[in-house]
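Next, two complexes with chain A in common: one pairs it with chain B, the other with chain C.
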Partner chain A sequence: MKIGEIAIISHSSRQRDNFIRSICRKIDLENELVSFGRFEINDQLGLHFYGISIDKQDSDLSWDLISRKMLGYVVIFDWEDLISLESVKPIVNGFAETLRAPFVIVGNVPDMSKPPIPKIFFQDKGIHLSPNFRFTFGQVDQPECARKILTLLIDMLLDRVEHNGFFQHK
Partner chain B sequence: MHKKIIIIDNDQNYVTPLANVLQKAGFSVQIWDEQQDIFEFIRKIKPNLIICEAHLPSLDSHELFKRLRSLPEFKSIPFVFTSGQNNVDTRIKNIEIGVDDFIAKPFYPEEVISRIANLLQERENFGSYQLETERGFTGNLTEMNLVDLIQTMELGKKSAVIKLKHENLLGEVYITEGNVVNARLDNLDGEEAIMRMFTWTIGVFAVEITDVNQQRKIPKTNKELIDIGLRRLSSWEQIVHGLPPLQAVIARAGTKESEPLSADEKKLIDMMPEKIRLSELIQKSPFDDLKALEIVRSLYQKGMIQETEDSYSHYVEDYIKRIRQNSAHGQNPESRAAAIVSNILRKPETDDSPERRHIPDRRLHGRRQSDPGKYTNTVYLSKIELLMIKEALS
Partner chain C sequence: MFTQTTETLRPGDKLDILYRLFQGDDLGQLIDALDNNSVVGLQKFVWETTAEFGIIARRKNFSRREITRKMTPTPQYQKSRGCNQHTYQCKATECIHFNPKCAREKIKEHVKVMAETLQEYIKIERQNEPFEEMLQEIH
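And then the complex of A and B:
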């Protein structure tokens, strides 16, 4: 079975678990440091989700090992919470320097029917920050929204496939 | 069709001549009669603008204004207060509550016409965007200037027309798929037009997301334009720092002529009327605005021009107005969010930014810092597999 692995990173374990729960029927492992969920496409292909809380992992996680396997990353912060934004900024900036996988940065909002900026700016492909980074808004505990965010990540991977013929982080 | 203006005032000494002047200027004028229900009257007329005396015995005009602003059908009608109580406190108080303008009595007909025409033009230019957030957004240049707007459009690779309003000037910047292709400002176009607009830090903007059919007249890349724009802004701010506020009224300083004037200085001082707002002088000058500002600074340092006594009230009035606009703008989540996204989260794009060179986070550095970028992913997925995942997610 071929597995694609995706890291869901947030300052809040509740937030990251809600996101994984929106995609997977159940979470196989759930603790403060990390959570894990599976999403099976068919018997040959599946996605594994690793939920990581950035304020808990400190230096304990071996990003060099984890990142070898990651298909991509979803970084979530609360749009209306400056502390949450500040907590993801160094991570995002650090990842940008060291990792080559695609990132979707999500500003979590309580109500997607009232997005902070006109939807036209982020629907479909999100806001382009760099070739590896897209930004979008989402209500991460809503399954439909979580799927859209993941679709955005898959689209970024597909863009690479279109360019390279196959997917490989370089 | 004539623009409709309602006058709410019971002082016939002002109402009749004001109505005459407005009618002569091409407006359709309706005067409120105290016997009529004010809301029914406004609803019936559907005015483009309301002029209201601030102190009426039969009507609490401030309460009227507040109620109109709270009702969706009336909230976008420009509202102008007039008053005979012409002290700074009254003017500021009226502006603070959010009226669009305040005209002190006695007034000059030309001033009234000019201010009303400006307000109506502004509403016409930008009003239609305010309710159409799906097609664009509006905001204040104090918070997002042209450089920020171009960067935001570039991030989203959008095609759009950015309309900028500064004083009584209206400029447009045309963007195709995130790239600036042309700009217009009065009789200028291309680079000449956009360069002037880069220094506008006061005023409003409206962005309309739309297809743009414009020939490319600006060959420079966005990065080149932004570099120039930032340099111009920086020079502008440096020069402005040593001058009276742009809203200040200035005048020639009599016959004082201790130092010889350059040809450009002479040209500018010759075209100055007795009194003029500094911003207006720069606009009207035949020079590029940055050059005009430099000349003004030189004249100011030589003592050839000076701030007038009535400058203060104009300045305070404009300042309060700006604060109010900014405060209202601060509550506009669209512009605020766009500014935050473009200014904070775009950091990953600038590979050589100082923030990136000095990341203090040991979670990603320390022992791993010696070999950045080595984390090659060994997962291979084919296009078909990715499409299958996408299909499963949809």
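And then the complex of A and C:
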């Protein structure tokens, strides 16, 4: 079975775990620092989700080792908490300088039926920040929202494959 | 890999700009705090985002003019500043390096216009939302 690995990064272990639970239904490993969930697409392809709390990054985590293998990243912050936004900015900027993987940055909101701006502006492709970075709103404890975020990340990966010519007809 | 050129901002900084734009905050203070290259990057990002939102909200009716017509025309701006340079030289990307104070004032006005226009696009789509939801339910 082929495995793709995706990192879920948040200042809040609850947010990160809610996202993984929304996709995988259950979490196989869960502690303050990291969590882990599996999602089997079929008998040949699966996704592994690693939840990482950014509060602990400086002390316990080797980002170099973790980040090298990742297919993509989902970075979650609380839209209504400015401190939460400030906490993800240096992480996002740091990764932008060193990694080529796609990133979806999620402004988590308590009620997706009333997002800060109308859904039409972000629901399909997110808001473009750079070729590797998109922003979107989401309610990460809702499975439908989490799936849309994951779909956006996979779309970014597929766009990249398409641009590299793998889908071109011979 | 992301490399910072003279006209780009880092994704985290763009996130900050989006937050302020969507909250309806004034970007003037942020402009004051940024270096010259980042100010040019901010202007470019706000323009791109506003145009993107305009295309979504106004569809085929969108035109760049509906954003730029609210900005002070360049000859008028130059006259108000007592500037004798050619009109084509009054560009943020150029002036900001030898007359940053004047260029920043111009950029601030342009960014304010763009931010207000973006709020208008958001308002248009807010009004459309009930109809969009109704259409989705029908389908």
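Just so we're on the same page, the second predicted complex is superposed on the first by the 163 of 170 C-alpha atoms of A that agree within 3 Å, B and C clash if a C-alpha of one lies under 4 Å from a C-alpha of the other, contacts with A are read in each partner's own complex, and residues count from 1 in each chain.
In this text, a contact is a pair of C-beta atoms (placed from the backbone, for glycine too) under 8 Å apart; a residue touches a chain by one contact, two chains touch by 3 or more.
Computed from a prediction, not measured in an experiment: that's the story for all the values here.
In the model built by aligning both structures on chain A, chain B clashes with chain C. When both complexes are overlaid on chain A, the residue A:N42 reaches chain B alone and has no touch with chain C. In the overlay built on the shared chain, the residue A:N132 is in contact with chain B and with chain C. The partner that reaches more residues of chain A, of the two candidates chain B and chain C, is B. After overlaying the two complexes on the shared chain, residue contacts for A:Y50 are found with neither chain B nor chain C. Once the two complexes are overlaid on the shared chain, A:Y73 sits clear of chain B and of chain C alike. According to the touch criterion, the shared surface of chain A, contacted by chain B in one complex and chain C in the other, consists of residues 79, 85, 89-93, 96-100, 103, 105, 107, 116-121, 127-130, 132-133, 135. Interface residues of chain A facing chain C in the complex, by the touch rule stated above, are 79, 82, 85, 88-93, 96-100, 103, 105, 107, 116-121, 127-130, 132-133, 135. In the complex of the two chains, the chain C residues touching chain A come out as 1-2, 8, 10-16, 18-19, 22-23, 48-49, 52-53, 56, 122, 125-126, 128-129, 132. For chain A in complex with chain B, the residues that touch the partner chain are 2-5, 23, 39, 41-42, 45, 47, 54, 57-59, 61, 63-64, 67-71, 79, 85, 89-101, 103, 105, 107, 116-122, 127-130, 132-133, 135, 147, 150-151, 154-155, 157-158, 161-162, 166-170. On chain B, the positions that touch chain A within their shared complex are 133-137, 155-158, 209, 333-334, 336-338, 341, 344-349, 355-356, 359-366, 368, 372-383, 385-390, 392-394.
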